Each structure stands twice: as C-alpha cells, then as structure tokens.
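Contents: one structure, followed by commentary.
Order as written gives the chain letters A, B and C; numbering starts at 1 within each chain.
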Amino acid sequence: MTFYLTVSLAIAVSSIAVLGTFMLTGMNGLFSLGQAAFMGLGAYVSAICVVNYGLPLPVAILISIGITIVLAAFVGLATLKIRQDFFALVTFGFGQAVIGLLTQMVNVTGGAMGFSNIPEYTTPALAFISLAVAIVFVWGLRKSHFGRDSLAIRSNELAAKVAGINVFKHKMIIFIISAVFAAYAGALMAFHTQYVEPAMYGWITSVTWIIIVFFGGRDSLTGTVIGALVLLAMPEVLRFTAAWSTLIYCVIILLIINLRPRGLFGTWELTLRSLTRLFKPKKAVEEVK
Amino acid sequence: MENSVVIEIKNLTKIFGGLCAVSDFSGNLCENQIIGIIGPNGAGKTTIMNMVSGIIQPTSGSVVFKGQDISRLEPEKINHQGIARTFQNIRLFQDMTVLQTVMTAYSWRAPYNVLETLLSLPRVGKFEKEIREKSMCWIEKVGLTEQANLTAQSLPYGMQRRVEIARALASEPCVLLLDEPGAGLNQSEVCDLVDLIQGLHEELSLAIMLIDHRMDVIMRLCKWIYVQDFGKGIAQGTPEQIQKDPVVIKAYLGEEITNA
Amino acid sequence: MQSAMIFQQVINGLSLGAVYALIAVGFAMIFNVLKFSNFAHGGVLGISAYAGFIAATTFKLPLVGVILVGILAGAITAVIVEFVAFRWIRLQKGQLIYFFVTSVTMLMLLEQILIISFGASFESFPYTLLKVKAIKLSNLTISVTSLLTLVVTIIAFGILIYVLKKTKVGIAIRAASNDLVATSLMGINVDFVVISAFVISGMLGGLSGVLYGISASLSPQIGEIVVKGFIASVLGGLGSLTGVAIAAVALGLVEVFLISTIGSGLSPVVIFVIMIVFLLVRPQGFAGVSFADKA
C-alpha cells in the first residue's frame, strides 16, 4: 500500500470515531471524555478474538460491538442522569479505568507493552465503504425526529421533557450508538496498524475528536467530516510530531471558539439544494438584467 | 352542567429545605373548564403547576388525572397522558425554527425505532411529512403561519409565547397548563392572547389551568379561581366573588387600602 | 512495626490530601464564581510545577524561592488562561459547552507545551533543595517533604481564610459565588472579581503543583491530578470550600491506602466506582447545595 493510501485509510477510520463524537457531543451536547476508551475496547476485543482465539474477522467485530453495547449501556445508566460537569468527570474516570484495566490484564492484552502481530485485515475498500455507510447513518439520524430531539434536549432539556421526549432513553440510545461507532473504528484501526497499546485511547484522543467536531461546526455534518479530513491529514502532510499536532489543534480550536464559535461551516450542509444555491446568485443577477 | 373532573389535586404540599412553598393545596379542574390560580409573587403558583406537570415531586399529597395518580410520574409520561404546558420564562429551543419547535411535540409518537432512522426507511419520511402538516395546522391556529420557518428566538416576545402555545397544542392534550402566559406582553398583546386562549378553549374543548397575576386575564377567562398567598390557599370562588373578597384584596394590596 | 508503617502511610495520605485540597479549593473557587469546571487548572498546576523546577535547577533558588516562583507562575498562568480561553465566551454569554471545550483544550495545550519543552519523562527536584530528607523519631521515619506539604498547606489555607473573610477582594468573591448578577448590580466590577478569583485560584494551583512536584513526582502529565481535585469537589459538595477541602484530604488518605493494597493500576477503577456511587446517591456531596433549575 502506498503511503498516501495508508494515511487516507487511517483518516477514514478515525473519521468514523469522530462521527460518534459528533452525535454524542455535537448534536446532543454530552461532553464525554471517555469516547476513546470505547475505541480501545473495540480494538482490543476484536484483536484478541482473532489473534488469541482464531475467530474470523466479522465474528470478532460483532463480539466487540456486542460487548461495547453492554458496557455502554451500563456506563450510560450510571452517568447520563448526572449533570453536565460531573458527566465529563465521570466519563474521564471511565476512560482512565478502562486504560487501567487494559494495562493491568497483561496476560490477555500484553499490558503497557501493547498487543501486536495483528493481521492486516482492513482493506481500503472496507475502510472507505464503512465511512460512507457511517455518514449515511448519521445523516438519516439527523433528518429524522432524532436529530430534532437531540437539538431540543441540547437547547432546553426541561422543555423537551414536557413536550413528551423521553430524554433519558434518547441519551442512552445516542450514547450506545456513539460507543459502537468508536468501537467499530477501533477494530478497523487495529487491523490496519497491526499494533495497539492502552495509551492510544486516553482522554487526549477523546478531546481531539471533540476539537475536530467543534472545528467544523457541531451543527454541520459536512463540516465535521471535512474538518476531520483536514485536521487528521494535517500532521501527516506537515510532518508534525504528536505533541506538536495536538498543540496546533488546541490553538486552532481556541481561535475558532473565540472568533467563530459556530465552527467553520456553521450550519451549512452539503445538499443538492445548498449546492444550487451556491450557483444561484449569478442566475438572479442575470435575470434582473 | 356537571362536567367530569379531569384533574383532582388533593392536599398538595411542597417543602424545599426549610421553606414551605406550597401548603396543602386542593383543587379540581373539570372537563371544558378554565380555572385560574392567582396570588402575589412567591405564592407557590408555579410550584403547583410544576408538580402537576411532573417537573417536581410533591412532598406530600396527590395529583389524580382521569382517575390515575400522576404525582410521581416523569414529565414526559404525564405529557403522553394528555397534559401539556407552557412556561413563565419562555423555554424555546435555540436555533430551531418555529415549525421544528412545534414538531418536537410529536416525536414520541414515532412508530419506528432508531435503527430504522439510521437506514432512512420510507416510513421515516412518511411520518415526518405527516407531523409537519399537523404542526403547520397548530401554527396556523396561533396565527404564526408566516413565521413558520423563522428561528423562534428571533421573533418578538409576543410571538414567542404563541410558539410555546403551539408546541403545547401539538401534544394534542386534553389539559393545557399555562404559566403566566401574559407576562411581558403589552396591553394589546394581552388582549389578543386572551382571545386566542378563549378561542382554543372553545374550539378544542380544552380544560385549562391558568396562572397569572394580571386580573384582566384571569377575570375574563376563568370560571373558578384559587387564590394563593405564601404557599397557602386563602380563597377560592368565581371571579365576582374573588374580586369582592376582602382577604384577597388585603393579600394583593395591603391592609391600608381595605381600611380606607 | 505495623503501626509505624501505618503512621507513615497516614502522613503520606495527609500530605497527598493536602495537595489535593489546594487543587480542589482552587478548582471549586472558579466553579462557584463562573459556574463551570475549569479543567485548565491542571495546566496551571503543571506550568507552575515546572517553573519551580527551573527555579530550583537553573537558578538554584532555595526552597522558599522555589515555592514563591511556583505561586507567581500559577497566578500569571491562570490569568492568561482566563484571557485566552474564557473571557470571550463569558462576554458573549456563550453556552456552557464552549467553556468545557476551551478549558479541556487549555489543559491539553499546556501539557503539550510541557512535553515539547521538557520531554515526556519524569524529572525530580534537586536533592539539595531540602537540607533534611527525613526525620527519625524512635522507629518512625517521617519524610520531610510530606511534613513540608502539610505545614505549607495549612499556612496557605490560613491566609486564604483571612483573605476570603476580611479583605474586600475575598468578600467580593464570596458574594459573586452566591450570585454573580446581584454582585455586579451592587456596583462591584465583575471583571475585577473574575480576575481576582483566577489569581487566587492560580496561586493555590501553583503552590499545589510545586509541592506535588517536590513531594511526589514531576512529569508533563502532572496536570492530570486536577481530576482528583475535581473528584474531591464532587464528594465534598461544590459550593462549600470547607467541605471540598475535607473531602480532598479524605481522598488523599483513601488513595494512599488503596495504592498500598491493590496497586496503582486498579486504584483508578475503585475511585471511579466510588465516584459513581456518590453521584447517584448523594449528588450534592457532603456539605453542598443542590443546583436546580428554576422552571
């Protein structure tokens, strides 16, 4: 695989995880610092299934998604009724707990030394098609009442409740779906990089995804996807170290929030209508003449 | 003349820490009736409404709706039973258009689950179309047809109030709870609002519980009024009775004027 | 022998708890005034710890100088953080979530600066900083750094209590914690109160960073112990600085004993569980006030 293909693949897979954060933090305003832990879960469980137990890839992925759903349900039950500040703290704690466990279970996971020799099962086709499907899923979700309810809950939870929305159930569903997105991305990534270690799934990764979402604009799916492609490609193209690229992400998002809080794309979405509108002004001028 | 009782409130009490916000309130709301709860600020009126709509749990006492005790139900469940409300401090959804705001009241009726929305099945589009039409009807009823696609928060205050009412109506309730609907409106806006409420009451046969401290609103609309002061009920009766009740006058205007 | 070990653990626990208390109070102060969780406090901590480190190694300052440098660095960093991350949002009356994003971003930013400047490994403060390493009393060995931390923290809190109760600044901060809008209506300059709160919070953070660096360890990730301060705030009940401080000390003791029993790998898991239980059972903490929306 050429360098560019490898990088594009990694970016595509990471974007799937970012979409999870888009739904959770962007659409619903749930500030979770532990999303990356679900990616780690997906990565480790599927890798262990294939390497240690010789299971085929689809089965391994299904198992990791299943476990993620169960764990996300538990965590959601425990944390989604808590106020926002504490939710951030608790999800942070959850992330640390998962990393702690992964590091501790040396016999199964290889501990801090990481888990290697994972076969390279993720093809470019699998990665890109997965991303496309993920985008379609999120698009469908936003167009439906789920999208509206998310915005309602984010804006004024009390009013949403008296309008009949079951806020807790909604949050649980979103939390689980986002976790599944992250876990699936984790699995794909594991079978691409062929090596995973607990440190990859810490809060810094979770926050990086949040930064990407707010960079593009939490109200724009197009913005988040394009933002993900741009921001994730940047360190590769400009050859930055991890520390420097993280630092630059921080500076970028501070600029965005201070100067253009709605994100680069605001609420703009790439649809047939918005594309024609881009070309319309010229038409109107001609008609006036 | 006897309408059946829709909401029966018995000995409703709410104590916050050391403060007794509502003490032993009892009252009834009958089908097709508009009742009012009035009283000076801090009298506990909104707290009563919060307990009826499920936002707060009562310390003791009960709220019975159509024979079912709803005192401990979650707000959304109470809404599904048929009670909708508006808020004193308007609670709209930022950045949503009027139409989208009203449509949220229909979300719970969606006949499909999340997996189907992920796949954008045709059923989703069909439901969306239906509730969009129904929501437009409610928006027309409150007279905001032209503003349907504007951001609710960009509208003048009086219109925002009507958006809230449209959202409440979209729950297709049989009981409407209105918390100070006239607050912040000027005289002519209040008149329009009162006409609107009266019209909706007649057209939809809604039972309405109304909180306000403006006499003109209450007197015109309500058949029966409960008067609260410092959490306690101090009087109840028809508008004419309340207007003449010395206890009520004293609570609102103070001793000196009664004696004058 | 057992009781000697336990006594030493208690001292260690109290010392750790003292650092956590400094962090927690600095954290809670900003929460009370601005009503959001300032994760960036960890960044303030980290920068101050390294500022003290540079003071000790490059400039060879004595202990007192090192601590003062830490405190000063904390105050300066905190004010810079306020300007860069929070001021604009506050003035635009932006939504709460933007504060979350910028505060976590600042924590990350400051940590990356430390990683780039100093590398990712651990450092230690020079041996010569403290003349005496340990005090021996009969068969007890008490580490001087633990004692130092305890003593300095007590002094710091003493000063803080005086400032909050007797000075104009302190009273303004306490008023603002109750009701920021009412305070501004009383003619008190909100900007002044906010900056003062950040300065004081920064000083506490800086002190805690230096003390932790001296008594425990120093690495670019040092800022992450702000989470412990946050946890203590939750357990103690936001809104009550005393409750927060006491909870922090308790947390330090619990953590030391957890580490000595189940190891440092699993203690985050246990603390996480304790936190969840607390948040579900008593979200307002020991001494706190519950924050409810007015409908």
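One rule holds for everything that comes next: a residue touches a chain if its C-beta (ideal position, glycine included) is under 8 Å from a C-beta of that chain, and two chains touch if they have at least 3 such contacts.
Because the structure is a prediction, the values reported are computed rather than measured.
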Innermost chain, taking as reference the mean of every protein Cα atom displayed: A
Most distant chain from subunit B, judged by the mean position of its C-alpha atoms: C
Distance between the centres, which are taken as Cα means, of subunit B and subunit A, whole angstrom: 40
Intercentroid distance (Cα basis), subunit C paired with subunit B, Å: 46
Centre-of-Cα separation between subunit C and subunit A, whole angstrom: 31
Set of subunit C residues in contact with two or more other chains: 295
Shared-contact residues (touching 2 or more other chains) in subunit A: 158
Touching two or more other chains - residues of subunit B: 55, 87
Residues of subunit A touching subunit B in the complex: 136-137, 139-141, 143-146, 148-149, 151-152, 155-156, 158-167, 173, 177, 219, 267
Sites on subunit C touched by subunit A in the complex: 31, 36-37, 39, 84-85, 88-89, 92, 94, 96-98, 100-102, 104-106, 108-109, 112-113, 115-116, 227, 230-231, 234, 265-266, 268-269, 271-272, 275-276, 279-280, 283, 291, 293, 295
Touching residues on subunit A, where the partner in the complex is subunit C: 25, 29, 31, 33, 78-79, 81-86, 88-90, 92-94, 96-97, 100-101, 103-104, 158, 204, 207, 210-211, 214, 243-244, 246-247, 250-251, 253-254, 257-258, 261
Residue ranges of subunit B touching subunit A (in the complex, touch as defined): 53-55, 74-76, 79-80, 84-85, 87, 91-96, 100-101, 103-110, 114, 117-120, 124, 127-128, 131, 167, 170-171
